[in-house]
């Protein structure tokens, strides 16, 4: 029923890919916060497509305008509304496919849901472009969490069969932080070339490829999340599965747990000084739905981009027959690459929301 | 902030494992519904432990009492409250471990969250026993969905390395329905013996083992779910990750998508009579967060039961040292086995909630 | 859509007047709270009918049982469920009126809303008896507010044409506190006899009479409430208008404002030591929806009890004609008398909820 | 915690009086609705100040722009965002009063709530200007209700001691409809001149005056609203008390009930053809919180405008002393006059929300 998320840090999303503007209304930013505009711009730039051959060449500029809730470089405490105008929208590219229900897209489901009235141009409200305001809200949450010492990282962990070292074991050095926070792609240097080559191969084949984005949340205080329905996992999962193309999520050992025994899976608890820790971190820093202070790490599986130039067959609802379709628009050959800042944003939004709830 | 789930079909959960009663308040059942009490009892019995050596020998009887919202064998339309008394609670068994933070449990996280005031006996509000009222509410949702022709199945798909045929390809015959709806375990006959043997081996080793439960939702109308935050996947994920021990979730090809190309992953759309279908169903019946009418299938990864009799080391907060612990209570060697009716219940609760929202 | 109220201190209400039990689930009580059981009993007793000729002679005993969320005399931090069994329910009394839509009652509206399936006995879920769990939850909120120095008073201000001194001018001495906190009725001594005489006259005439209950909230911190939709007035009004029989609400000068000029109505702001105060308090301690630290005072108008023994005409849906009806059950001649602890409870629930929200 | 209202028809409000823009995000408009732009403009114009000497001469033009959720003259079914730019903002006028906490305003409470960070210019987010987006959303709800045959009227019922015939007895003819829907003021012709004279006198005295706005909702289906917390009265009250300056609300006989007896107050139920009706309508079409099909009528008491040019004393937080203040900005001498379309809008928003909830 809702384009909203959050209970204290709340986000209300609006807009269509080829409409006037996209944006969101954010509630719950503390009054008097001086926003880190550079961080917001950096994150939006990381999400932005069109930077090179690994992402769609659309020139989305994502220039945002804060139209309420911000005065004298400070948040006012009342709702902050941000808008991003849609400028580079070549609706022409999409005309051809207008009568097709593109495979893997919401063309069919959206038209039934909205009785054919929804704005189909560029995916309308379903467009991945709507993740820009989410990244905006995520950057603010990231800033607010950083002030509390909580840090969020995300990286490409797998593309096709090429795999980076997981956050499970990766030591987070400043070098790693810089590597993953670079403006182009959050890929560890040793496998970067191979990964991008795989993506480029898919692109040259007019095809696309899937991947895994990994998230890591460090220095989470003990006690965030709820037993049962609002577990930390539930809240993160709710947010992650709203990212277009997300189809799988695992915390810690995840699916590998299924072939483990309890004696291996359990994380032994001990105390290091005044801090409670676990020897291993198979459970990803969450027990009974509640953070235990250890790093929270998780994997998000993304399907290959549904929009491909390669010819495929699907239903044309004007001719009422299955026909060949070649989607000529501009598409990312691997949405996982662009999902890195979105996974980070969603992690920040959820974690900050839980952090604030805990203050009550 | 909340022990609640649902927006139209709403569930408010309460109770502790060794307290007076557990139960829930349910809103959103249509007035005048004659509840299928036999179905409720059957589902509760499937969840109930203590039936044989594959589950904990606790004699939880799960006798429920509807104390409001039901009159003359009909729901009244106002909130229905159900309570289940806690009878067979041998708190003695748990005494020994009182000063231990059991690995993989919420003992530590819960004590921080609730300032040491929570009821630790038997896991308190964190106990898997709280899934009984969830199964109760799920059985009602299952009945209400069945009246609309919507069907939900769940099965054990993997224990250790033993794997049943997935719902992806399994033809759902009446034979399969009966096999999976039997009161003991929802395991396909051909691999049942091998699976239970694996579980029994873990039990004999005083250990436990993980597994995968698969869910299947059939005949879902087109148009359920929302773009972005309340996608069908988001809502299901939110519910599933509140089940104790759940650590991974995938829809359709899930993590296998990451090594696929778009041309393989996309499901070709066609029309069969007046019904829109897809040739494959890699996306598990959901596009853009919204149901497309094809079966919704997903996998839930469960970790091995955290409570094991095998000796393990952990922190004793009275002696302030890491000590050997052997949990002598009664435990399931494989929580995945008992999670089958819970996954079914959660699926029914979420699907019925989305179904009702769509009626607005 | 909901039998719930509150966003941090949350209440979920259930039960029917003549069903098994009534009760509620409360979330948001801080873990480790030692409940003031005596205060709860006192407030329930103040609400309880059947004490004398001024209230219905029903012997509702309101013996409550806390069935979750309370262990070792402390709240656990997880949901607290309380039930009150329905014992003295003489459904016989109500049989006669079964086929009548009683004037001023929800018989007709409820039967349409719930398709005739609701439990009509004794008003079912619409019964004023459901205010007992509300008073229970209110007493807990009152205790929690008292720990913060916030105090809530309520009194009968008007019955028929007899009027007590308003909280606008009444000096709150310990004597007044005791007078209004007596277990029988919160009426100032000087006019008590006259007021009760008026009520008794109505009772002897087999009729009923309306009245005004006044509420007063003292020592509210500055800053509670929101601009627009969740103003302090909005939240209080939402709660108050859910009390059966409530038909009017005013804050401060209320309807008297309409014949005043701004120069009279405005409350001059000054500083007394470090505390900001206003010379007058026409606006009842709320500006722009937000508490200003001055006393919050308001009037609640209650209609006369709808159930009267006096013969009146109404529709009989079995005979399909308008017929004479004399309601022979046991009824309060003046619901305002019993509403005093309910207005106090609702005030406490709302104020504590806003207080907690402000802590975030 | 929230600048939102509604559960199906949802409104999220943003903006400050002198910021970039004000506006709102609306969810829950059926996809494919062709909005009645003329009705929206008419309602905004009725709310707009600066038309004559009875309202502030500010030239707020309230030109709105729909920036999402509307395509090809149809709602898309996804969130609709509307913005209204702030053009005529002479912040200069307000400078003088910057260091004063204006009596009856949120200057003091807002500065505490938002730690001094809120935008105080022109009242910021507290400004009555924020009612423009509410009127926008109300006009859409009004259109959607009209399609179901539900009609909403509002009128000035009292200014000072001058009183129009109440909706309780007024026969709603087309003539009355036109009289009350005129673009200037919703005042019945016979007393219009006298009322406006009273307002003008206050204005000439550099003062202001209060008043009562009456609301009327016709043809409401039986069954809208809930027992207890979400009663029709509760929902309307919640909305009405968020209108700046609202200080009292009564349904039907309201405060007059307090001197009535039950035998007078009860509305006799009968049947007229297939329609259930009541002989009188003292309870204003609501029994047990639920609509009974009779007209819903209610009175909203507005205090005199807090901003007056007349000299008054209040606290100056720069000089730390009480000083004389004359507010030189442009102000309405009677906010009740301008509240008429706002009361109508709020009524429409709440009624349509309840109407949609009932469809589930």
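Chains here go by letter, A, B, C and D, matching the order in which they are written, and residues are numbered from 1 within each.
Methods note: a residue touches a chain if its C-beta (ideal position, glycine included) is under 8 Å from a C-beta of that chain, and two chains touch if they have at least 3 such contacts.
On a predicted model such as this, the values are computed, not experimentally measured, just so you know.
On a Cα centroid basis, the chain most remote from subunit C in this structure is A.
Set side by side, the interfaces C-D and A-D show unequal numbers of C-beta pairs in contact, with more at C-D.
In terms of their C-alpha centroids, the spacing between subunit B and subunit D amounts to 47 Å.
Inter-chain centre distance (subunit C to subunit D, centres taken as mean C-alpha positions): 27 Å. Centre-to-centre separation of subunit A and subunit D, using mean CA positions: 40 Å. The set of subunit D residues touching two or more other chains comprises 1-4, 8, 13, 28, 78, 113, 125, 227, 357, 360. Residues of subunit B that touch subunit A in their complex: 1-5, 7, 13, 101, 103-106, 108-110, 112-113, 125-126, 130, 158-161, 202, 205, 207-212, 222-223, 226-231, 233-242, 244, 246-255, 257-271, 276, 278, 282-284, 286-292, 299, 301-308, 310, 312-315, 320, 322, 336, 357, 360. Partner subunit A is touched in their complex by these residues of subunit C: 8, 78, 227, 356-357, 359-360. Interface of subunit D with subunit A (complex): residues 1-4, 8, 10, 12-16, 19-23, 25, 27-28, 31-32, 65-69, 71, 74-81, 83, 113-119, 124-125.
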